[in-house]
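So, here's a batch of structures to check.
Next come two complexes, and both contain subunit A; in the first it sits with subunit B, in the second with subunit C.
Showing the complex of A and B:
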C-alpha cells in the first residue's frame, strides 16, 4: 500500500500550486507542507474529528476519530497522499485504528482501512467523493466451565465495512470552511446500513 | 498470529465473550420396539427460554448421534448467558435411516422420548431414557 501511495509523491512534490484551502485539504486528503488543518463534522448518525499536517514530500499524516451515534467509535492514525494534484485532486489514504462499539451489539478490535478521495481543490465550492474499505479483526471468546477448570476458546472473525461519502465544501475566507455531506457507509457487510448526513466545519492554515 | 494472541490475552480485545458449561451425560437409551439398528439422534434443550411472549419450551441447544439405542456417553457445551431454564435430553430412533423423524413416506412408528437432566447445572449426569412415544417432536415433552 505504501508503494502504491508513493506513486504520486513525485508528482505531488513537483506541482507548484497556490496554498490549498483547509476545507479542500481536509476533504480531499492532503495539506500543504508544514500546514495544520482540522475538521469537525457532526451529523446523524456519524460524527468525525480530524487533524492533519502536511509534510514536504506530499505525505499528510493525520489523526481522526469517527463515531456513529456516539456508540461505535474508531480512533485512528493514518497518512494520505495526493496521486493527482491539480484543480481536481485524487488521493489515497491508509489508517490503523481501533474499533470500539458499545451497546447490546458490542464489538471491538484492531482495524485498518484503505480509501480514495476525489475532490476539487480550487474555488469556493468544493465537491468531494470518498470511498474506502475498512477491515477489523474481531475475536469471539467462549469460556467453557468444565469439571477440570475453565477452557478458553478464541475464534477470530473478519469484519468488513465499506465507507463512502459525497458532499460539497464551501470555502469561507482563507482559514474557515464548511461542508454538507451524505454518508454512505456499509457497516459490517453484508448487514444493511442506513445512509446519514453531516455538517462539517474546517479550520486550518496554521504553521 | 502472535499479536492476535496478545490482543486476545488482554481480554479487553474480545468482541464477544460467551459463557458455557460443559456437561457429560451418560447412562442408557432403550426403545420399546424391537427393530434393530439405525441411528439414534440425541439433542439437548433448555426446558424453557425467553421472557414474555417469546418464552418457549424445549429451546434447541445442540445435537449428536449414537449408533443405536444402548449405552449413552455424550458431552455438550451449554450456553449459560441466555437465561435458559433447566436442561432436557431428547432422543429419537431413526429406524428407516432417512434422517427424518416420521417422514410421510417413511417409517411412521419411530420412537421418541425425553428426560430432564437433574440437577442442573452440573458437570455430569446419568440418565435412563426409554423411547416409547411414536413420532413426537421435542415440544411434546415440554416440562
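Showing the complex of A and C:
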C-alpha cells in the first residue's frame, strides 16, 4: 500500500521536465543544474555504479564503473547532454576510461566510448534504450626467448565492444526509482556475447 | 503409465543416441577425436585460446564451464546432444604447448562408460635419450588396459620430428597392441608448437609408414595449415592413404566455424578424399568438445560437406562409423 501511494504521488515526476527524476536522469542522461543523481545496478554478468551532476545548458558530467562478473572492470569519466528533454528523452554521451580485465583472458588498455540513450516517460514508467560503441587500445606483448636473450615485441590491437540495453524504469517517489533491463552488449566483436539482465536502483535530487 | 515412461527415460534409461540424419537415412556416428582433462594442467597460453572460444561472459571465468565440458560426464552429454554413439578420448603429453592429460586420467575417464569412451594413450618424448625407455614401458603398460585402444601423438605439439627413427619404437609397441596411432598433421593454432615441415608435413612420416606396415597411422586434420588458414598438406595426406594400406585420414577441426567460417575447407577435403578413392580410409573426428555444442555443430558441418561432395549413404556411413569399427576391431554401432 505504501508502495502504491508512493508511485501514485510521483506520477508527474517522470513526465515533467524539470525537475528531472533521478531514474530518468540516470537512465536517459542529463540532470537538472546543480543536482546530484546516482545509480546502482546489479545483475548477470554486469554490475554498474554511476554518479552525475547537472551543469548549465544540460551538460552533465559523470563518473561510472561497470564490471562483468567482477572480472572485466571499466572505470570511466564522461559527460552526457540531453538533446530532447520532453516526454521523449534523447541524450548523447561520451566517456574516457580504462579497461582492466583479469582472469585467463586478461587484457587492459585505455578506452573511449560514444553512446545514445532514448526513453519515453509514461506516467511513472520509463521504457528506455541504450546503444553505444566502445573502443579500447590494447598492447599485446610477445616475449621471444632467443639465444641472444629475450626479444620483446609490442603490438597495438583495437578492441571493439558494442554496448546496448533496453529496460523499464519505474519511479518510487520523488527521489527514488528502480529499473529492470536486458543488457545486450557485443563484447570484443566479432566474438559471441550472451545477453544479461540487471536490476537497478536510482537515487538523487540532492543539491 | 504414459507419464512414467518419459520420466524413466529422463532418469538414466534413455536410449542410446540415434545417429545423424543423412539423405533420408540415420547413420550411427563415432567421433574419434575428443579431449578430456584437468583445466589446471592445460598450459596458460592454451587456456587463453580455449577460453577465447567461450561466448562472453563465460570466457572471463572459464574454469567452471571448462570443467563441466571436459569431464567424462560432460563429454558424454555432448555426445548425447549430438546423437553420437561413442568417441575416442586422447591422452596428451605436451607440457611445452597444450598441456598434459595423463594416461591414468584418460583410463579413469573411459571407465565412466567403457562402451562409449575409447581411450588413446600417449607418452612424453622430452629428454628421450634418458627417459625414452621408461616412457615406452609406461606406454606399453597403459595399452594393456582394455579401455585404451589407440595411441595419440602430435609431433608439432611434442617437438619431435616425424622422420626421426629414434622414436620408431613407439610404432612397434602400438602394433604389438593392435592400437592404431592418431597423429596430428599440419600446423597447430596453439602457442608453443613447432610449425616447420618435419613436424607437420605427413610426407616426413612416409619412411616410418613404410617401415611399420603392421602399424596403423591415422593422419589427423588432413595436414591442414591452421596458422595460415590454408589447405596445407591435404594432397600429401590423401596420397599416403591411397598408397599405403596402413594409413587412414581424419578431418577434425579444419572445418570448425573458427577455422572455416565460409565452409570451404571441409567440403574441399571431403571432395579430395572422394576423388582420391579413399573414403574407406576416412575416420570421422571433431577435436571437441572445445565449447558447449561444438561437437554437434561440427558433425552438422561434416554432414553438409559430405552431401555437397556427393558422398553416398554407404560412403558417409563408413566415414562416420564403419571405418573406425573396422580399424579398431570393434563392432559397428547399430550392428550386432
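Before moving on, here are some points about what is shown:
In this text, the second predicted complex is superposed on the first by the 187 of 207 C-alpha atoms of A that agree within 3 Å, B and C clash if a C-alpha of one lies under 4 Å from a C-alpha of the other, contacts with A are read in each partner's own complex, and residues count from 1 in each chain.
We adopt the following convention: a contact is a pair of C-beta atoms (placed from the backbone, for glycine too) under 8 Å apart; a residue touches a chain by one contact, two chains touch by 3 or more.
Keep in mind the model is a prediction, meaning the values are calculated, not measured.
After superposition onto subunit A, the modelled positions of subunit B and subunit C overlap sterically. In the superposition on chain A, contact of A:72 is made with subunit C only, not with subunit B. By the document's definition of touching, of the two partners only subunit B reaches A:140; subunit C does not. Of the two partner chains, neither subunit B nor subunit C is touched by A:57.
Once the two complexes are overlaid on the shared chain, A:108 sits against subunit B while remaining clear of subunit C. In the superposed pair of complexes, A:156 makes contact with subunit B only, with no contact to subunit C.
Shared interface residues of subunit A, touching subunit B in one complex and subunit C in the other, do not exist. Residues of subunit C touching subunit A in their complex: 44, 47-48, 51-52, 55-63.
Across the complex, subunit C is touched by residues 45, 68-69, 71-72, 101, 103-105, 185, 187-188, 191-194, 196 of subunit A.
Subunit B makes touch with subunit A in their complex at residues 4, 7-8, 11-22, 24, 77, 80, 123-124. Against subunit B, in their complex, subunit A makes its touches with residues 106-110, 137-147, 151, 154, 156-157.
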